[in-house]
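Please go over the structures that come below.
Both complexes shown next keep chain A, but they swap its partner, so chain B is in the first and chain C is in the second.
What follows is the complex of A and B.
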């Protein structure tokens, strides 16, 4: 091969490479607004050397395409944090709505203040003690009982409605998951057939975008397989997509609640703890709301059965001894008591204010009913304290979830900041960014450490604090 | 020595303020602000001890319990993020050294690319998040 033609080849090759590099650069520019697009750099590769007079001389370079500047480890960490963050966000949203049901001042609340209702109800018995035959005072007992029953049952209805709404949301999310796993399987297939041994560029971006979207919806694990393939499982280990095949999540009704399956396996509880929106939704649907509803049922059951028992242990204004009848409907079981709670007594004369055999003007049974307010008749607590604890437990859950959510959102922000700052930068710039990150972490640790010491001394001097 | 802005604040209030500012700075990776806050915090802590206001500072922190808890959680997540990013940086440095060695040894970049892919896939950190 002649020297001149070799030189021409070298120049031509270099020109072609420049053009291809420009194409890659322009691809970056045209995809600048595409969030899923990963910046590419030209993949320069050296041509086979040319031998002149027995010496190997480089024959220039060609560009074989773009290499995406991504890191799957970083992507996976980001995906993982997004799964936790999305779960926490959807749980927080559900808990806030749940809490609103117990906050009369909130715009979304359609119910009254159950805590005040309980106090008012027992107070009307206290008023009745001084004038047990007074018709207005008797009417006041029934009226306050109606308000209490109405607010408890409406709250229970709201919780049931929220649960049904979350059930629907879960179904919608699972449908989106199935769409994404199908798309992911298709991209997997394309990548495996077109780029089994190299970076798949735009297709890889597409796959990462699918994974990122999936991470918003559901907790997943990624497993890289042969020929650039990928399998995706739930965090519980059930296969969602295996290379080119997607396995759809199916659903079925179990006692009025939608359960989800992969094959024959019920993965509902695994999904709840797995992350993503579905995790938060199912946690609220299957844990937070049922727990709150169970407490409300316990409250309704306790008040209804105790008041009915007392009323049937006295003498009403008509002289009925031990047979005055129920004030509230008589619940047969705790579950469902709140939603069904209602006042069945219509005649105020049927309120048994007197003790049996003490004459209709007596007030001893009214005293017994009023005293129920001070007795630990519900879960070892007074009715007011039981309700107060219910509301405060809910408040603590919202507070803890808010803190968790803020921390996870912050973590995602940090990672996203780093992903964008690391993409395509030199190793020196990267080292500089990391040094800054390290400094920030160390200084924040110092702040925390000092304040934690002050906090510890607060405990030593007997100051009550809330940090665990 | 307590600096001017701190003198205007009661120790407890200042500490609570510092926790909140530190949290915001940590989220945005503002190292300079955090270092400034760490110094202020140390000064304020020392100052409150010397002036016998330690108890007041502690009482002030009572209302910052949830803020302190949040800072702790973000610190925990930051440490995990930092760990991932540091390991990635180490891998990149190894790759760069490897490629340089290959070039000095006269191997073609194609071969180096293949080895680089291999090293990326075989790294013990891969998939560890």
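What follows is the complex of A and C.
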């Protein structure tokens, strides 16, 4: 059988519980705009009933704090998708910069276009065919050669500069990764000591926020360990943080390019394919740009060596037979040819338009040079077709990455919606809860007030007015 | 299921960004008139653009080259025309000298006239066009023919060579640009200058009938020069045709290139207006959804 005082105790616990619930709501509203915050709901638990003469009598309610509403599998899924998306975004941004070096020429705007330069260069040889000893036509060959060489070398320089700046960005990203893994290791330690068996609430929010930021930067795998600890590895499987210990990524210079290491292992190429910003940056630095640059080198090498060979196989205006000299600087190897391409000939008389042994008015060597434009002299292609292939290869990779990026961004948004629908603070929800808990509190205080009156009646049995 | 409370902030504003990006891209297409402004937009078109522009430029450049070359060939042609006129004149003088009615003074006078014609033909054979001697083969920097009058008959030396220059059209056709002087003026079978020298010598001493054989030779030399002229006429014809073909091909390819790269203004404008409507709609939705929360009603 219950007593009035037990009823008062019981309703007091309800008042406490309602207050605790109101606290949870206040906290949710306070953090409504905090991206890292996970919505909490009050954890109501009914107090153990008291059994008197075999009869269960309720003993009120307790709120034991708020419980974060999270799905760690879903969070992890979002992180993984975020890694892929961040990688493709940073690759796309690098490729967009890269493709600006190869803006398509139009019939009205051809400045700086290598394709046009190639055509113009060989065209000046065609013009020279008609007047092999004409000084202006000879000068035109040299000036078109200079334009071609400077546009190719300028493009190569721009590619090299972009590569260097990506190298710098990679180093910056890695230092951010190291900061985050250190923070993650600290949170791991705190979680393991404070909440080894349950959701760590705010600390877990912090850990998830670290993981989400890491996922923007680098591809990672997360493994939950004992006592709610966590280990994080790169997608290649190298440890970045093992519970309370962070393992920093170190860097070192290899042939002017920064390589990254975990311990003694070179993880550079694993990072490139692993995801996150660093993945896109390293893919652009180590694959996209070198591929384009190699094609440009091949083009520069092919044109320079073939034209030099032809020029040294004819007779120039000064009568030099077979030793007229080089028009372009002679490249010693394919690599680096584009950046180094220059015109070394200054005297237009040294252009060998005539065949060996023929008079200086002969044009057979100019015909041979002009014909190079139609011959498969570079990688089995004509110079113009080779450049066309370079454009289509790079363009296709930009186009593919754009499509891929759109798809990945959409899937990230979708997952984010799923996560937010579970974990995001809805102000409407909170307003309705606030009303609910306020009403509950009001009801409980009303009960308390009535019980108080009942108690007074009990104290003043017979004397109605002594205690009120 | 619970809805995403950040739907407006994340998804709708993301969609708004997207429509703005679309509008930016479309307005760029409208202002530049180009559909493919970066190679990533349409890699295949960008690659075709390179080869198309290459062909268009080649055609353009060839057309310009031919207009210069036409000048040279026309000068060659008219020079050979003048040579033919001179030779006809020489032939009628020789015929007159051979009919046996002229006395030795007249014959000497004819010899002098023929000598004048020989000098004229020699000067025509040494014609230069823009500093280039037309009949020197590939030895174009010096006069190809020199006369030595110290002997009788006088001798003419050819200083050029037998080289023939050709111009290669974009179609691959080779067009002959010159006839070497030794082929026109001092050919073994029809030696124009040699025959003229002989005729001058024949009549110089006033002997009638001494130049009959040389007159016959001059007649065949005249025919031979006319034949050589046909070669140059053919080249002029070929060059005109090739230039016309290059111009036509250039025009066609320019059309193809323009179609390939140019923005379809009507379609872009429609898309732009669509994107604008979508933007307006999105802004309305965001405004409506963003109007406070349940807290306003408490």
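FYI, the second predicted complex is superposed on the first by the 395 of 468 C-alpha atoms of A that agree within 3 Å, B and C clash if a C-alpha of one lies under 4 Å from a C-alpha of the other, contacts with A are read in each partner's own complex, and residues count from 1 in each chain.
Following the convention adopted for this analysis, a contact is a pair of C-beta atoms (placed from the backbone, for glycine too) under 8 Å apart; a residue touches a chain by one contact, two chains touch by 3 or more.
The structure displayed is predicted, hence computed values, not measured ones.
Using the contact criterion defined above for the overlaid structures, shared-chain residue A:73 touches chain B, although it does not reach chain C. Once chain A of one complex is fitted onto chain A of the other, the partner contacts of A:81 are limited to chain B, with no touch recorded for chain C. Within the superposed three-chain model, A:439 lies in touch with chain B and out of touch with chain C [touch as defined at top].
Legend: residue contacts after superposition of the two complexes on their common chain; A:408 is shown touching chain B, with no touch to chain C.
When the two complexes are overlaid on their common chain A, residue A:448 makes contact with chain B while staying clear of chain C.
In the superposed model, A:224 lies in contact with chain B only, and not with chain C.
By the document's definition of touching, of the two partners only chain C reaches A:103; chain B does not. By the touch criterion stated above, A:193 is placed in contact with neither chain B nor chain C. By the touch criterion stated above, A:119 is placed in contact with chain C alone, chain B being left untouched. Where the contact sets of chain A with chain B and with chain C meet, they give residues 399, 413, 417-418, 422, 427, 431, 434.
By the touch criterion stated above, chain C contacts chain A in their complex at residues 1-7, 10-11, 14, 34, 36-51, 53-54, 56-58, 61-62, 64-66, 68-69, 72, 130-133, 136-141, 160-161, 163, 165-168, 172, 177, 254, 257-258, 261, 293-295, 297-298. The residues of chain A lying in touch with chain C in their complex are 95-96, 99-100, 102-107, 110, 115-116, 118-120, 122-124, 126-127, 129-134, 354, 358-364, 367, 370-371, 373-374, 384-385, 387-389, 391-396, 398-399, 402, 413, 416-418, 420-422, 424-429, 431-432, 434-435. Of all residues in chain B, only 15, 18-19, 22-23, 25-31, 34-35, 37-38, 41-42, 45, 48, 54-55, 57-59, 61-62, 64-66, 68-82, 84-89, 92-93, 96, 108-110, 113, 117, 121, 125-129 touch chain A in the complex they form.
Residues 43-46, 71-74, 76-77, 80-81, 197-198, 222-224, 399, 403-404, 406-408, 410-411, 413-415, 417-418, 422, 427, 430-431, 434, 436-441, 443-448, 450-455, 457-458, 461, 463-468 of chain A are the ones touching chain B in the complex.
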